[in-house]
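The letters A, B, C, D, E and F name the chains in turn, as written, and every chain counts its residues from 1.
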Amino acid sequence: MRLQHATWQEVEAYLQRSTGIIVPIGSTEQHGPNGLVGTDAICPEAIAWALGERHDVLVGPTQSLGMAQHHLAFPGTISLRPSTLAAVLRDTVDSLVRHGFTHVFFLNGHGGNIATVQAAFAEIHAERSLNGAGHEQARGALNLTLFNWFMGKRVHELAESLYGDAEGGHATPTEVSLSWFARPEAVKQVEMSPRIAPSGSAMCDAVTFRQRFPDGRMGSDPSLASVEHGERILEAGVEDAWEVYQAFIAS
Amino acid sequence: MRLQHATWQEVEAYLQRSTGIIVPIGSTEQHGPNGLVGTDAICPEAIAWALGERHDVLVGPTQSLGMAQHHLAFPGTISLRPSTLAAVLRDTVDSLVRHGFTHVFFLNGHGGNIATVQAAFAEIHAERSLNGAGHEQARGALNLTLFNWFMGKRVHELAESLYGDAEGGHATPTEVSLSWFARPEAVKQVEMSPRIAPSGSAMCDAVTFRQRFPDGRMGSDPSLASVEHGERILEAGVEDAWEVYQAFIAS
Amino acid sequence: MRLQHATWQEVEAYLQRSTGIIVPIGSTEQHGPNGLVGTDAICPEAIAWALGERHDVLVGPTQSLGMAQHHLAFPGTISLRPSTLAAVLRDTVDSLVRHGFTHVFFLNGHGGNIATVQAAFAEIHAERSLNGAGHEQARGALNLTLFNWFMGKRVHELAESLYGDAEGGHATPTEVSLSWFARPEAVKQVEMSPRIAPSGSAMCDAVTFRQRFPDGRMGSDPSLASVEHGERILEAGVEDAWEVYQAFIAS
Amino acid sequence: MRLQHATWQEVEAYLQRSTGIIVPIGSTEQHGPNGLVGTDAICPEAIAWALGERHDVLVGPTQSLGMAQHHLAFPGTISLRPSTLAAVLRDTVDSLVRHGFTHVFFLNGHGGNIATVQAAFAEIHAERSLNGAGHEQARGALNLTLFNWFMGKRVHELAESLYGDAEGGHATPTEVSLSWFARPEAVKQVEMSPRIAPSGSAMCDAVTFRQRFPDGRMGSDPSLASVEHGERILEAGVEDAWEVYQAFIAS
Amino acid sequence: MRLQHATWQEVEAYLQRSTGIIVPIGSTEQHGPNGLVGTDAICPEAIAWALGERHDVLVGPTQSLGMAQHHLAFPGTISLRPSTLAAVLRDTVDSLVRHGFTHVFFLNGHGGNIATVQAAFAEIHAERSLNGAGHEQARGALNLTLFNWFMGKRVHELAESLYGDAEGGHATPTEVSLSWFARPEAVKQVEMSPRIAPSGSAMCDAVTFRQRFPDGRMGSDPSLASVEHGERILEAGVEDAWEVYQAFIAS
Amino acid sequence: MRLQHATWQEVEAYLQRSTGIIVPIGSTEQHGPNGLVGTDAICPEAIAWALGERHDVLVGPTQSLGMAQHHLAFPGTISLRPSTLAAVLRDTVDSLVRHGFTHVFFLNGHGGNIATVQAAFAEIHAERSLNGAGHEQARGALNLTLFNWFMGKRVHELAESLYGDAEGGHATPTEVSLSWFARPEAVKQVEMSPRIAPSGSAMCDAVTFRQRFPDGRMGSDPSLASVEHGERILEAGVEDAWEVYQAFIAS
């Protein structure tokens, strides 16, 4: 069930069955010559929607803006400051807690979000912990987790078998394939030069990033991507995420 | 052109033709017994995507979370604090300005966002104004505007003719119709009781709001909504928004 | 009764009779060639003080600084950032709530404050709403409203009859008249050129605003202002505000 | 010259003669059984207005709200958080710097403001210092100072001679006298019991403060206050402040 | 007992005996030609550690970074913004309160910290005071104080007798002596020119400060410092601080 | 060279040779029955000081407070909120950049800091990236990195060979050994029960953490720790850190 397509009464009924929710989170940032600016949001959203259809699990609206400051020298990138993203996550969790949700599962599509999301979780927990044991208990249990679909076991093995060394770290053929399967109308055929992009660290500002990675790719050859691969990657991602989600809910 | 479906090179090319962009902004909040939690995001998104297809205008990712604190006593509502929403808008505008955008047109679907979005614009302008004339000029011209699709001339007339007194102020048949046209799989048939919901002020906290408006509707009878109406409303909304957007870009 | 002229024991006694308070809020900003920098604070203050004298209602200290970033290219303007003004309002309301006030009526003299004040109200309510129903109830009822004296029914009709098209939107003869009646020692006689100033939008930064409105007026001819008009405008404003205040307290 | 009574052209002309300004800053807080809630704002305002009339110096609008958290257990007190007051001062100074003011002289009426105002000055300077020498020089010289009228040499001697041990630390006969001279309509005759209030530290929260100081006075007997004393205190305060202001401007 | 060298069980046992703690706070900033960048942290730390060894009092970790913005034109200075330091103090106090500490004694080595630390205390108290009497009582008593070791009675007399007019206000022989006694491996012999540095105000930005005080000293001749003096100063400081701490705990 | 023991002239001279600096960062938190509350700060500090003595590298003051919210149910823990720690890091880096440092190497002793430190780096870079290419270039190159001494290659191998499965994740024998070598006066002999503590996730609030880990250890048996082991661990840590630091400076 997608939250955006539900009425409040349907959510009320869902909360009788489950207090868990999946929230897709991505980024709006360049993905090289043939990857979509929305790749990092489209991919986890596709997996989350499939989970919502196949299993009785609620899926919140996709957080399309993430922490993408290092991509800002490429047109089209929109980045939140880490502190802004943390505030968005805090308000989202505060809202869900008010309704009785106890397990919030962020399904993430962007490596650059990981540190900020984890720091945001710590900020939320810290507010409880600093206010004392009574406060924590009054507000009820709260479980927060982040799952990066591109690091799931099945997805990792499939990417390895399909692309090997050409997978790289950003604008990968794996994510490009999945985004194309989810948005077939947006497939682009572009030659890559060099075939495999340079590798390096992304922990720098935007000007430095573009100097290191002139066309935006990091270590990848996304010309290997295809819609057909995307379908297989989706299936692997759905299985990975469902397994992890079930273990989370049971915790 | 949708930003999420473009490559950065396509955005770079677009910026040669235009420095304007449309960003849909909505809310994730209860919309009564037959309205979708995502109504306020789905409606401006539908209009924006139609504009992006019919005219050569870039459409950014939808900001699905808005200022909905008064709806928080109804399950499913997710609200940003006004200060959080303002930070999201500031970072969005800062990112777009870096790429050379000069006109950012927020296409809004939620009355509760209006004050916060305007205050956020003032905060962005204030940063420039307080730093002096030299600073303002160095950063280039910046034009920000908010257009509420549900207040457009054609939409207003159509709503009046279709629903008259049953239009109301929240969970209106107009927005429900449009959201259903955009998401026909999510149509719900629910009896309303009373037929027209009570009216009143929404400037209060969540508990008070729910006391005033027990099923979430304000002054409306959304059982009058239909997919067919939604299609006509979309057309009116697209015409309204395009007219206003063109005037904005010319300013 | 003016809060600044009361002792705490007098306030304690007042709270037995009423839990409502009026807080004037204005701005410190240029008002064209013959208008005072303090106009927007002086006007609502004059109306509020008259209410405090004629009726048994408590009047708080005037918030003289408002959101005036667009006027900063004119010497003398002092603007708060919207986030700063929101913090001032939050602390003011938090203080009043602690004493048992339940109805805070901001009597506003500046159009540029409206969005920020409403966003600040939403931030205050959001803190309660996000913390859950128990929290809201523990803190007691809270009613906040903003009344713009220059938009009151009687004031509007009087301005229309006195000035017609020369009223304009900023540095209007109505507000200049009222400020002169309140501060007769500060009356200035200045020729206006052109007689009626240009019109346009004020949602921009300071440099742009001054380009659009070279002497600071927007669409007005304040050379029509007079102390005698000011007295009549004050009476109209007092009647408008009292009517709205009484309805607010009854809510 | 009072800023609130000037036009922007008059301020523009003033800036040709001087780039200094006096800003009165006080508090809105209980002042014992016969002292006014507005005492701390009324006193420096009265001195500043006299300076503005006698000398060609610009006087900004009074900041009536200060840091008064420890008085919040007495009805009528309105306190800003220190961080809010610091933001107000930062925005005030940023606005004045934009117009070319180089010397901002805060004339303070409340001991509880001192630390916060000095910390706010440091925050303003820190922003320049952390941004590097080039940044500091580009923004021009900036001189900020705080003068506490009740600590001036002449005022101190006069208080000593008039009240001796009955002066105390809060709700003093000196400040009550001055406020009564400025607002003779608000004089209150109240018996004090005990005649001299208990002494102690005010660095605590509101509940503790009221336990220590049951009627709000600290070590004082304000029943000794009189309008006639107030006039002499005003003269002493004006001389003190003018001497210090002149030295500041010359620095 | 030093907190850093204790186990949590030892702290738990300590809390049965006492709910007081000493936290040294200093700064990391230039101290002239022969003074250490760490002087302001090393000095209160040395006194606090001696107290911890001689008396059964817990000593927290030293806060080495303080408010040093005016020293930033000298290499090696690291300054926190006042708002950052206030947040550090708030979180420190919140943590200690959670464990049951009721008296937190900040032993300070830097004049530039005083206003910020006091404003931070007020911010902490304000949070309680603005939330109402019930909230304050639920959170328990909280006593916060700041003691500046260099202003203690015995230290002051000793400095006067040892250095007279050469003591000055920054990079004083008193603090240099104490830091050398604490860190004898870091003693530096440097000629001072002029022997006594110029005096003046430090309330300015970094560029201005360096113009006023070219080698970083303010009014002092720290070439008079010695390790042997440092030992006597430590003893005086320990006696001063212990006396004040005992009175604080008894309050 | 330790910054705290240097004069500003010595730092100025150092900057001619190198623009790199090492800043130890830890935490103040429970470390089980025999581990010190200061373990996470003491360990990286010991390694950094050894580097400073053996190589010509500047070592800043240790940041002793980190992100330890999950340990707050154990007395003695002091935690910064993630947002506070990020502000401390921003101000530290801003200060160092002003002096011309280009490479800041945080030597970290606490796993709980990792996400927050990386998010803080991103916030610092974002400020540059959002302000545009010109701004970034004007402020000069900036390289920030985090090295976790306990994850170094040599340390990892040594821990594996010394403790195998008893190493665990918090209050490990490796860190306890190193802290004891650095502080031999603080060695504690305590029996562990059970010998190896339970394992699990630390991403939760303080009450939950203590339920999962009753004596504070996570998966470890720190009774295996010894001063002699600590010496070997220090050597391994120094070699690991020096190797990584040199590569960082060369980047």
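By our rule, a residue touches a chain if its C-beta (ideal position, glycine included) is under 8 Å from a C-beta of that chain, and two chains touch if they have at least 3 such contacts.
Chains and their UniProt names: A, B, C, D, E, F = Amidase.
Fair warning: this is a prediction, and the values are worked out from it, not measured in the lab.
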Along the shortest chain of touching chains, how many steps lie between subunit D (Amidase) and subunit F (Amidase)? 1
What chains, if any, are shared contacts of subunit A (Amidase) and subunit C (Amidase)? B, E
Based on CA centres, what chain would you say lies at the far end from subunit C (Amidase)? F
Taking mean CA positions as centres, which chain lies farthest from subunit A (Amidase)? D
Of B-C and C-D, whichever chain pair has more C-beta contact pairs: C-D
Work out which of D-F, E-F or B-F repeats the contact pattern of A-B, with more than half of the residue-numbered contact pairs in common. E-F
Can we say the copies subunit E (Amidase) and subunit F (Amidase) touch using the same residue numbers, with more than half in common, or are the two sides different? same
Where the centres are mean C-alpha positions, what is the separation of subunit A (Amidase) from subunit F (Amidase), in Å? 29
Express in whole angstrom the distance between the two chain centres, defined as the mean CA positions of subunit B (Amidase) and subunit D (Amidase). 46
Going by the contact rule already set, what residues in subunit C (Amidase) reach two or more other chains? 72, 79, 81, 83, 91, 95, 98, 129-130
Hey, which chains are touching each other here? A-B, A-C, A-E, A-F, B-C, B-D, B-F, C-D, C-E, D-E, D-F, E-F
For a test of understanding, state which residues of subunit B (Amidase) touch subunit F (Amidase) in their complex under the given definition. 91, 94-95, 97-98
List the residues on subunit D (Amidase) that touch subunit C (Amidase) in their complex, please. 2-12, 15, 28, 30-38, 41-42, 60-65, 72, 74-81, 83-84, 87-88, 90-92, 95-96, 98-100, 183, 185-186, 188, 190, 216
Counting only contacts in the complex, subunit B (Amidase) reaches subunit D (Amidase) at residues 129-132
As the complex stands, subunit E (Amidase) meets subunit D (Amidase) at residues 67, 69-70, 72-73, 79, 81-83, 86, 112, 114-116, 118-123, 125-130, 133, 136-137, 141-145, 203-208, 251
